[in-house]
Amino acid sequence: MWLRISCDLTFDIEVTTPFILMLRPRSGLQQWVASDEFKITPNISVIEFTDNYGNLCQRLVAPPGHFSICTKADIKTSELVDVGFGAAFIEIQNLPDSVLSYLLPSRYCESDRFSEMAMSITAHQSPGYDQVATIETWLRNTISYIPGSSNYPISAIEVNFKQSGVCRDLAHLGIALCRSLSIPARMVVGYLYNLEPMDMHAWFEAYVGGRWYTFDATQAGPKGGYVAIGYGHDAADVAMYNQFGPSVYPMSQVVQVELIEENL
Amino acid sequence: MWLRISCDLTFDIEVTTPFILMLRPRSGLQQWVASDEFKITPNISVIEFTDNYGNLCQRLVAPPGHFSICTKADIKTSELVDVGFGAAFIEIQNLPDSVLSYLLPSRYCESDRFSEMAMSITAHQSPGYDQVATIETWLRNTISYIPGSSNYPISAIEVNFKQSGVCRDLAHLGIALCRSLSIPARMVVGYLYNLEPMDMHAWFEAYVGGRWYTFDATQAGPKGGYVAIGYGHDAADVAMYNQFGPSVYPMSQVVQVELIEENL
Amino acid sequence: MWLRISCDLTFDIEVTTPFILMLRPRSGLQQWVASDEFKITPNISVIEFTDNYGNLCQRLVAPPGHFSICTKADIKTSELVDVGFGAAFIEIQNLPDSVLSYLLPSRYCESDRFSEMAMSITAHQSPGYDQVATIETWLRNTISYIPGSSNYPISAIEVNFKQSGVCRDLAHLGIALCRSLSIPARMVVGYLYNLEPMDMHAWFEAYVGGRWYTFDATQAGPKGGYVAIGYGHDAADVAMYNQFGPSVYPMSQVVQVELIEENL
Amino acid sequence: MWLRISCDLTFDIEVTTPFILMLRPRSGLQQWVASDEFKITPNISVIEFTDNYGNLCQRLVAPPGHFSICTKADIKTSELVDVGFGAAFIEIQNLPDSVLSYLLPSRYCESDRFSEMAMSITAHQSPGYDQVATIETWLRNTISYIPGSSNYPISAIEVNFKQSGVCRDLAHLGIALCRSLSIPARMVVGYLYNLEPMDMHAWFEAYVGGRWYTFDATQAGPKGGYVAIGYGHDAADVAMYNQFGPSVYPMSQVVQVELIEENL
């Protein structure tokens, strides 16, 4: 399916503020970016780089005054994410080097503290995809998904204590549980077609059966229409923007995802 | 300055043909891609990856029949390339690790065979930028630049023997001469505003004074309006497309570069 | 100065256990490995790889029974770490891309929760090295350094609550405080000559004045004799070994650092 | 099998000379370095880095006078290289991104000029391993292997013209022929047990059946006892040393490979 995604952010900057943005989608195994726009107003100097995860980031220094970022892209993505019941747990010694770091605990996914809980949730499941699917279902049934209920990332321990959270929070807890079972898991942020209410979104992927599979406990079941913007260990790696100096909050943030005809 | 660049390629494919393309510009220190389109017809599956040099490449398999690639981008680039007379030769031991491979001979730049010639051309020049500028001038005055005169890359030795060539050939000889003086040099392919006749272009960069500088012996002197698509050791690394199996030639190739208003 | 370092670990393994080790030093800007031994008993198959931080890691599967790792190396390192009072804070926009991730919070360094505390500790210090030196002094005077007092990593928040810790804990709190001031900071694990009691050690580095500087709040002041084994965001990235499956603890761990004559 | 390899090089340096060395083996899929020594006399400052191919390189500046490099290592390697008759040609679209550059022509392997010859040599062979084995046999039977007959690298075209060469030359021609058939091929330099006469050695690898296989036209048939020091596109990437400024030749070069008991 073809989607047109856009995100417009506006700020009112008081003091000169360095930003690092992560808002530009790139083509990968799961999506193809056929066209792309990235406008920054005022027309200041921007330097783009690729971070350790392959995400496109932009560095800039916003001057005082009105500051806006408008991104838009036409993207081909799957109608339905792959589902892989039965996909096997990959023994540590057989994992590719590049996924090993996704076994480690990270800022918002304290997987070193979740072993017992993960084993209890997934008891009787065969190792691999089925464990992750059980974790996803458990999250869906246990942690209340309340969009807009939090402004800053909280960690898996905090989410588990609170028993509710935004999409990012559910993903953090899901990732922590997977890693504690020695299943590599990573965070993805981006867009989701027909998300209610529309906003930037977050979900997670787990590495089983020799590949990454998508999981999203905020939705009733597997869907398609995902557009990834950033991959990382957790929210610390994939902030839409990191801003330095006195805190600045967007005056407006407008996110849109619409279905388009095949891009011709 | 803001430029709108485009390149449209059409092929008539007889047998299923794998391609690797390098036609998509990316933002970097010297240019900012504000918008970008990349259309492939028919609408087949494409996988994008980043090569060792940071270039964006697309892998695909073209089915028999009409096949076309249309790329377009709006890009901010310099009005005039930096000129750095006096910029010093950097001692080998002080070069960054990442530029060392640009000292080595490569497929089309047999720098191991040009020491005497390079020393002769640059005699009495102070080491660094001034040597490269002298090489550029020597190329301009010695090797006849004849656009369209060659269909496949030839090497510096062959160019020197032939005493004429296309933009790529002059760049190859320039690179070989620089490297033989222990100055890192690399190939750049892309677009140039007001190039006559308009086509894809190639030039070279040399690392002196702690940074890369642009050199282009095909033009009368320093200009701006360069848009880079690919960086590499020589033409082998930065083909617009690599195609495997029976040779396929484009039926048409239309390249355009126009000046646009600031991208708003 | 030349040091001979060694670390011998023995385990009694009950069930086949995958390990990822990080115990092999490598040559870098600050040290030169003139010789190196790495013996694993029994003689099983080992695969070495380099992680994202450039650390050498070994992957293996330990069979049930006695299992030991003996590493030894002769290394040249500084007599005294560089001290850089006055070295300036580097503005975010001027930091190299490669250090940006060391500004982010990580598993054991929740820098997103330490802004006020860091500003209070470093009030009146000029931005940069002097801030970090003040943090180091504050740690030395405030957090009791109690070697051997903890078996698993705890986070900066937990360390600050406990007001005591092992070398790793002091480093975590130091890193969190630096990052909250927008100073890139990273964890280093390795050896320290004359450490009392001798054991593996951990300290931190901060990026100011355009380079990394060493800080170690467990020692009375700047010294030399550091040998690095691993660099990372925090202890999660640089475990001496990660082991999967039922927990296994070393039966013995013998660490030695001795001064040797110049390696001839 | 366990081998102890060593290479001692001595130079008499007249003017201060920067060197980049590639003489230190590293552990990988095919070998395990259990111990390693690297001594440079006089005791000057050395900086080690890892190049784009994962090879360990050392940068240093040799002062005038006697200069020597002594390297030694105990290494576990295969008794016999894997042989894979029938291993399939991998379609371009299915090759991993990381091997694609080994399809391109390089300094000493002008694969763009060998298509017809490669097809003629391998006519009637099934695509993949069997083609490469046929190329290897053809080289063995056609190009006279004359150790010590050349002091500097020559290219595949030159080797084919000369019809004789050193190990490096046979490897270059083998690589060029493979690549012209769209089979990724790369150069390996290192040691070979029982090589006659003993010296540093060079051979090549081809990527078929989803992995790299070893080929060596200088030997009568498949053997073991290979120790790799460097991997690259061709000899330009894997020189034992690159030296800058007036040419310097080793006064002596002593290479040894001996069989040792299992490293205990």
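Here the chain labels run A, B, C and D in written order, and each chain numbers its own residues starting at 1.
To be clear about the criterion, a contact is a pair of C-beta atoms (placed from the backbone, for glycine too) under 8 Å apart; a residue touches a chain by one contact, two chains touch by 3 or more.
What you see is a predicted model, and the numbers here were worked out from it, not measured in a lab.
Participant: Quick one: which chain's Cα centre is the longest way from subunit C's?
Facilitator: That would be chain B.
Participant: Please work out the Cα centroid separation of subunit C and subunit D, and write it as a whole number of Å.
Facilitator: 36
Participant: Between subunit A and subunit D, what is the gap in Å from one C-alpha centre to the other?
Facilitator: 43
Participant: Measuring from the mean C-alpha position of subunit B to the mean C-alpha position of subunit D, what distance in angstrom results?
Facilitator: Result: the chain centres lie 30 Å from each other.
Participant: Hunt down the residues of subunit A that sit against at least two other chains at once, touch-wise.
Facilitator: Not one residue in subunit A touches at least two other chains.
Participant: Treating touching as the only link between chains, describe the layout with one word: line, ring, star, complete or other.
Facilitator: Graph shape here is a ring: one loop, exactly two partners per chain.
Participant: Pairs of chains that touch, anyone?
Facilitator: A-B, A-C, B-D, C-D
Participant: Spell out the part of subunit B that touches subunit A in their complex, as residue ranges.
Facilitator: Per the stated touch rule, the residues are 26-29, 32-39, 41, 43, 45-48, 50, 54, 58, 262-264.
Participant: Could you please specify the touching residues of subunit B with respect to subunit D in the complex?
Facilitator: Those in contact with subunit D are residues 18, 20, 49, 51-52, 59-61, 91-93, 97, 100-101, 103-107, 109-110, 112, 152-153, 182, 236-237, 242, 244-245.
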